[in-house]
Structures are given as C-alpha cells and as structure tokens.
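Two complexes, one shared chain (chain A), two partners (chain B, chain C).
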Partner chain A sequence: MEFRDEERVFITGNEVVARAAQAAGAGYLFGYPITPQNEIMHHWRHIASQAGRGFLQTEDELSAGFATLGAVLTGKIAFSATAGPGTILFQEPLSMAEAMRLPLVIIVQQRGGPSTATVIYSQQEVTLTCFGGNGEGLRIVYSTSSHQELYDYTIKAFRNAWKYRFPAIVLGDGYQAKMREELILYDPSSRAGSRIPNEPIIGGEQVVHMQNAFSVEEELGEKLLIDLEDYNRAIPVLVEHEFLGGAGGRLLVVAHGIVGRAARQAVKELQARGDRVNFFRPITLRPFPEEHLVKACQQSGNAVLVAESAEGQLGRLVRLALADQVLTSFRSYYRPGLGITSEEILEEARL
Partner chain B sequence: MLTGTGGQGLILASIILAEAAVNDGKNVVQTQSYGPEARGGASMAGVIIDIDNIDYPLVTRPDVLLAMSKASYRKYLPAVPAGGLVIVDSTFVDGPYSSDHRVIHIPITDLAREKLGRGLVANIVALGVVNGAAGLVKKQVLAASVLERVPKGSEQLNLRALELGETLYV
Partner chain C sequence: MSELSMPRCYNRESKPHRFCPGCGHGLVLKALGMAIDELDISSRMVFACDIGCSLLAWNFFSVDSLQTHHGRTLPVVVGIKRARPELVTVAYMGDGGGYAIGLQHLVSTALRNDPVTVIVVNNTTYAMTGGQMAPTTLEGQHTKTSPGGRDIEETGAPFKGPESLIGVAPPESYLARGTVANVIRLKKMIRKGLERQLRGDFAFIEALSTCPTNWRTDAAGTWGFLEHEMGAYYQVGEMAAGREPITP
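Moving on to the complex of A and B:
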C-alpha cells in the first residue's frame, strides 16, 4: 500500500473515490468524462501511472461499462464512474451485470436532470441507480453523506459486489464530489473481512456458460428465482442506516446523502429545543432498510417528513417500506435538482 | 465566503485558508461554485471552520464575506447576517457600503499592484486582510499553507502579499 496504515487528509470527494478504489485493490478504471465525476478519472490516471494500475478513456459510457465487465470476467477488480446522462447509458452494461451476476462497481456523482440539465447537483438518480434497466434492480446502492463514508463505502462496494455478485453503485453528488473535507484513509487489507474474492470468472480449466439471453420463459423464470433468493438472503446483512432519536417521538425526518447532513442538523436543533423529532438516513437505498425504517417510524408517532433534492424518488421508497404501517401523516419537502439547507428542513419539521 | 470574479484566485485562496484551518486542528469543509460563473461571472468559494463536526456543508449565512467584484458584493451581501464582517475590495466595488454590517473597504488589488508590482497576488493580500480582521487561523499556519499551494518561484512574493494583507487591517 502506498500510505501508512492511517492517514488524515483534506481532499475533494472525487479524489477520495480514486484513493478508495486504489486502497481496495482496483486494477482498472474504464470511463468516459462527465461533470461532476471527471476528477475521479483525473486522479485515477495519476494513480495508474504511479502505482501500475490500468486506465482507459473509452469512446462512451456503453463502452466503459462493457470494458469494465470484460476486466471483471478475468478476475480483475475494475470500476467506472459516471453521472446524469452517462448513468442512463450505463443501464445496458448494468443490466448485463445483473443478468450475469458480474461485480460491476460504478461511482455515480449525481447531477441535475432530466437530460443534460445542471452539471453539479441533485438527487435525481435514485430511481435510475436502484431500479434502472429491464430487470428487478438486483444491485447494491450506497448513498454517502461524508467523505469518510465515500471512502468506506467505495471500498465496501467492491467487497460486496464480488462477495454477493451483484453490481454495486456508490451514489454521491456534485457537492460531495467537489467539496474538500477531512477524512482518514486506511489500508483496508489490515482490517478483518477485507479480502475481495476476485477469482477469474472465466478463463480457467472449466467451461463457464453465462447467459443473459434465454429462449424459454421458464428458463428465465427459474434463473430469476435463484437470483431473487440470493438477493433476499443478503438483504439483512447489506442494509445500513443511521438513526438519531428515540421512542416517543412525534415526527421522523428522513433524508439520504448530503441532504441527510442538513436534516441531521435540523433535527439536532429541534431536539435541543426539546422537540421530539427523530432522524433516519438510509445508507443503502437498495436494498432499502425497510424494517429499520418501520421501527423508526413507530418510534416517531407514525409521522414522516421526507426531504430530498428530487420529486419523491426517496419518498416512494419510504412510502413503499411503510405501506403496511398506519401512517398518520406523510409530508414531503421535495426540491428537484436544488440543494436543501438545514433551515428549510427545520422550518418544515417544527411545530 | 470568498467571492469575486472567475480568475481572481479566490478558490485557491479558500483552499489555502481551509488547509490552514485543518492544520490548526479545526473541522473544515471547503466548497465552491461552479458552472458558468466559474468562467467569468460571480464566483464564490465557501469555507466552514468549526470546533464541532460540520453537518450542513454549504455556507448559507457567512460570518465573514470577502467581495472582490461589484456583482459578487450585490449577490452575496444579503446572505450576511446584520453585524457580520464584510471585506470589500474597493478597487472594484464603490461605496456607499452597507450600514448594517461591519464593512472594511480597502483597495486590495490596487495596493497589490502598487506595493508588490503584481495585481495577480491580490487573492493572497485579500486572504491576509480576511485573516487579520477575522482572526480565523494562526498567522504562521496560514503562511505555511500559502507556501504549500503557490507555484514554485513565487513563494517570497506570496508571503509578502500575505504580510501586506495582514498589515492593511490594523
């Protein structure tokens, strides 16, 4: 490893991602530039030349995605990074990864949408990353809210993609990508359970038959049953969340990613005033921490306020998770493509 | 909040200030505005310095505003709470200035040209003024941070720029 066991740094989120991929042992990045993720490619190019890793700028995102799949098939830890319209193009390799159970890792730094829209910020790629493609969305999506989490969950994305053989996505945004913040880099190989089981998937003695096309409906049905069973079995170990508060609350504020920071601050201020407001932040958006959310909702008078920089993309996940619950109140603060401050959430959440 | 025009070096100044505050043992987040404004319009860089953990990372109500262009002064002044510290480069921004704030107006860029022969280092002069007036980080820590970031060969010029800024606010 190029750094000591632990190193405190003050860098941008994009550099954090490149350093995390390096620490996780990634060998290759195939990518096509798009703001706000460009500096991931930029920093990785430096890492590639200094640490003997591979880097290729492909002609588009389709090519970047399929090249990553090719590397993964040979047992190489590989990844890509994209955003916005690039994430749309990525749906095809992502779908193939889901079909063939390939550990594709993508970092998505969300920008505004639809289409080209704004270059820096939104939370509008939740549905696309969680459920995009013509399948069931069998993938792992981590939504990070700090540079430390960007580092931790990028490493985790590699590990869990290879362990469970589902594509994994780290969902950031342009704020996280571009801002500088302190974090601790570490060598994950010094920590328990860190090994990435990246044996070659093809190319060994055995003939491997991998399918993403089926001639008979029943064949596909049987295969999907197995995949869904594997996915559902992994859910309890994959789901992660943050909860702040306790029983007897009157309202649960739910937010993810960078908006989670604004929401946490607002909730802390309300709690300091004696207002019994709780805070819930899903870290895995897929699979969604449904049971934990249900419990948090019950501790909060079955009343929920969802804040997000999108028009209900998180809100739908929340409502789905709470569908069997008797929600006495569901309110939303949707700001598609716009940042959300703690003051705004506080204003919405206060009595 | 350090604001002005794209190309004035305010993002670099914000990174220098942020890194100095990190080295001073504080929790820090540095952000900047992008898009069209980074190519000539109003540019903004934000630095949050706190002893506690920083939840919301964007600057919404700056305690200190540096305005190095007329457009940025107009755009960002309303965000400063009454009584907040506003440092204005009067080379670019004419008075009358806000009476609701503690305004310091100094012809920062003119003085950089006159006293150092280079308007280019106005960002570092401004950084000296900001830190002198607001007392954000220790002087020697800021100087070390400047030396780490400026191009080779320009170290002495930039140190003089920082010192000039610090003496302008007395």
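Moving on to the complex of A and C:
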C-alpha cells in the first residue's frame, strides 16, 4: 500500500488515526480493546500486514503502555490508543514517560464516565489526560474538532513528543471516532519541519543507565527543575488555539473538541445577525493557551460562556487562566456525558 | 573481591553494591554477570529491573539498564525485544513484582513465548517495603502482615512460579528454579535461559534468595531457612515446560 502525496478521503475518525500514524512512520501499535477506539487497532492491524508494521494485542492497557515505552526506548516510533477506564490504567505508563522523558504517544477517544458508564461519548477525560499521574502533568494534550485535525495533530503528536521528550495525547471522542468525514491525507515527509527525531535511547554505542527511583528529595528536586524548565520553555511554541471574532465583543464562547464545532457554528450565526459574540477554542489543553485566552476575553467585554460535555473540566482550566481578570460574567453550559448542539449554545449565548 | 572473581560486565564504579549484608541479590547478579561474560553478549544486553530491592541493580552492570515500575518490567522488555529483536533482554524482579502485581504479564509473556529472559528473585517477602507477606511467604512464616505466621486457609498456599508456568509456556521455552546456595548451578540455568532467548524462545528462572534483614536471622539461621525450609517447599531444578498439545 503505497502512500500517495495527497488524497481526499471520506473515512471514520478511527481510520484517520491509523492512517496518520502510518504516515508519520509509526512502526508499532501495542493495544488493548476498549470502545470507542477499537477500529484504530483494526485498521492498524491491516496496515501492519500490508506495510510491514508491528502490532501486538496485549493482556491489558498497562502492558500496552509499557510495551510502547519499551519500543520507543529503542528509537521506534510507537503508539497506543484507549478510552475511559483504559485511560485510567494508562496513567501508569504516562507517569513513567513523564519521569524518564519518553515520547509515549496515545490517542484517547473519550467515552462516558465515571467508571464503565457509556461507550461512545463525553469530554470527561480532560483532567485525567492533562493532570493524571503522581506528577506535574508534563504532557502535551491536543483536543481535535475535525477529522482533518485528527490527522494533523496525530502526526504532530509524534513529532513533538520526540522533539520535546514529553508524552503526547491526542484527545478525541467517540463521535469523532465513529463518524465519517472528508479530509485530505498527505505525506508529512514532503512538508518542511516534519522530521521526527527518533534516535534510539538505549541499544546504541554508549552504555546508558536510566534511573527512575531516587534516594533523596534533593536528587529528585534537581531533576524536576530541569524537566519543568524544559516544559515551560516549550510552552510558547506548543500552545495552539482558534479565535473567531474581534475587539469590542460582548461575550466569549469557549469550547474545545467536537463541542468547539457546535460553538463555532453558533457564534457564526450570531455574528451574521450582527451580535458581537466571539469564539475561542483551545487546541492544546495542556499546555493551555492562557495568554491568548486572556486577550480574547479582554476583547469580549470580560464576559465568558464555557460549554462542554463535562462538569467544568474545561471550565476549571478557563477559570485558572483568567484568575487575574475582573470578569463581568462567567457562565457555564455543562452537560456531562451528553452531546451539545449549536442550537443549544446559540440559545445560551443569546441570553 | 579479586580481579579474577569480578565478572567483566560489572560496572566497577557501582561496587561495592548497595544490597544489605547477607542479601542474596548480589549472588544472583553475579551468576547473571558470569553468564553474560561466557556468552560475550554485554554489547547487546538490556537489563531492566523492577521496583523493590531489585531497583538497586539499575547500575550494577556496564550494559544498558533501566528501572521501570513495580510489576511492569516484563511488558517494557517485551516492547524492547519486539522493536529490536537483536538485543538480549533480561527482566529482573522480585517475587512481588513477578507473582503478585505483575503476574498477568508473566503469564501472557510465557503464553506468547516472547524471547526474553525473566529472573524472579524469591526471598519470601516484600523486602524494600519492610517485610510484608509475599505470594511466596511460606506457611507459618512470620511477616509484618502475617504476624501470627502465614495462614494458608486465609491467604492460599505459597506460589510456585516455574511450576505454575508449566501448563502455560510452550515446550520450546525454559523453566527452572535455582538457588543462591548453589551459584554455579544458578549460573548454568541463567546461561541456558539466555541461550534460549537467543534461540528465539521464552526463558524463566526463579532464584531462591535470602533476606536476613527482614527474616531477622543470623548467618546460620539465614542459610538454614534457605536450604531447609525454602528448599523443602520450593524444589530446585529444571522443569519440563510444555503446555498440553491441543488435540481436536
């Protein structure tokens, strides 16, 4: 299966992820079944036999995550995909990836929570993907809102995980996973700045001893200082967002992922009616585009409406980013585990 | 230690090692070091250690080494081996990592016949955390969480690792139990285990070991417990691996 430079396709989000990983040069997927991400494995299994890539269905998500870490240690671009309770188990390998600066890439297709809950949709894995684990959340989390973004940011997740040596997560959901949509696939190697610096970490000429347990607090403190400096230095280049509107607005609607689509649509309709409502969508949830949000908020009369399919997981990030702003109003449209339409957001934003 | 008795693959900068006086880890690692030297594979070796006392071995050898998480060493080396089959991997762990928190990985790796070499050090206790009951604690043995002696009615019988894998691992694999009471034989087993990996098959060696710190034993008591009480329950030797052939 030769990859053509550009190809217009109409496929599901899960297939998009598998095709993006193939295009990025991923060599291995270690996975464990959980809905709604299963078809990533199914498509990858097909790609593996057609294009000579590796695949192993492991005994659980812990094994999937740690085997992925083993593969990336050797310089192999490798990934996994999960959801819900699987994302909980993935906190353990993610935590080791943060500690040992290993480029673990996982795709999370959010399902309803807590616990087993529903198999298709929510936006309830924001806190877990951004801040799960017994550390400081030194991760890169992309929230996508279209199949084109799912493709683009899966490729980017590999690149930035290897470039900055922090784990990267592409945060989708079951709606994005299961629906079909048009997008353009391309060969990223034909584009500038696309190289993934996947040099082997072990198995090279020099003997390496990789430490993960420290004897004294000061030893750990010194190591964390370096990691935090590296992370903070990368923030300005990592953060991404979408803004629609301009100065003199009366309200800023903030939403991410697929709810961002509904919010964008609602804001466009209001703007067409002459209503000065602005729209902000964080694409990186971690690190969060705080400065850009502050500016957008100031352009919107310091009035904010947050819409999400969770009970304030995005809302908390927004409140934190705007902690120094004097807001004229902060309203929320929280629907944990439920889809949100553009009509609902339009109704809320009109008030 | 004389020049002659220290394996070439040792990292001399990390010696003397940091295990407690009387601990068996140093002897298991010495057996492994001698086997690595004999096979001349140190340039291809990846040594991964678990969490617990085994983590202290992270810079023991002058080979690529890493510390992982408690119970997760095996999936890490499986990932390494699948990505770079020419590397020789050892997963080094204690009985808690191998038989409790990481047992699903041990069973699945044996079932798949992944070509990796697993060494589980059985000292009948969780040593690093202060001497709690392990899957391998003997009946009646006193630990911090079995202060009246292990009651097998309540906690089940002590876990026999290699025997449990007989019905799981395929005939091509290697299963054995050695002891630090016989380092030369243990070295032979570990060497066979590495050779089995080089041939493309799974290998598992349990090493009976000592923990005078948590056993609260003197030298005679330590060796007595290892040779007589542990030796009576845990049979040393090679096990004929081989799950039942599946007939229609």
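Keep this in mind: the second predicted complex is superposed on the first by the 349 of 351 C-alpha atoms of A that agree within 3 Å, B and C clash if a C-alpha of one lies under 4 Å from a C-alpha of the other, contacts with A are read in each partner's own complex, and residues count from 1 in each chain.
One rule holds for everything that comes next: contacts are C-beta pairs under 8 Å (C-beta built on N, C-alpha and C of every residue); 3 or more make two chains touch, one makes a residue touch a chain.
Since the structure is predicted, the reported quantities are computational estimates derived from the model, not experimental observations.
Superposition of the two complexes onto chain A shows chain B and chain C fitting side by side, with no clash. Look at A:Asn278: by the touch rule set out above, it reaches neither chain B nor chain C.
Of the two partners, chain B and chain C, it is C that touches more residues of chain A. When the shared chain is aligned, no partner comes close enough to touch A:Asn198: not chain B, not chain C. Legend: residue contacts after superposition of the two complexes on their common chain; A:Thr58 is shown touching chain C, with no touch to chain B.
Of the two partner chains placed by the overlay, only chain B lies in contact with A:Arg261; chain C stays clear of it. After overlaying the two complexes on the shared chain, residue contacts for A:Asn302 are found with neither chain B nor chain C.
Touch criterion not met for A:Asn160: it reaches neither chain B nor chain C.
Of the two partner chains placed by superposition, only chain B is touched by A:Arg180; chain C is not.
Look at A:Gln91: by the touch rule set out above, it reaches neither chain B nor chain C.
Once the two complexes are laid over each other on the shared chain, residue contacts for A:Ser342 go to chain B alone; chain C is not touched. Measuring only between alpha carbons, the smallest separation of chain B from chain C in this overlay is 30 Å.
When the two complexes are superposed on chain A, none of the residues of chain A touches both chain B and chain C. Chain A meets chain C in the complex at residues 27-28, 30, 54, 56, 58-60, 62-76, 78, 92-93, 95-96, 100, 202-203, 207-213.
Contacts from chain B toward chain A in the complex involve residues 15, 18-19, 22, 27-32, 34-35, 54-58, 60. On chain A, the positions that touch chain B within their shared complex are 10, 35-36, 118-120, 174-175, 178-182, 258, 261-262, 264-265, 268, 339, 341-343. Chain C makes touch with chain A in their complex at residues 11, 46, 51, 55, 58-59, 62-69, 72, 75-84, 87, 104-105, 107-108.
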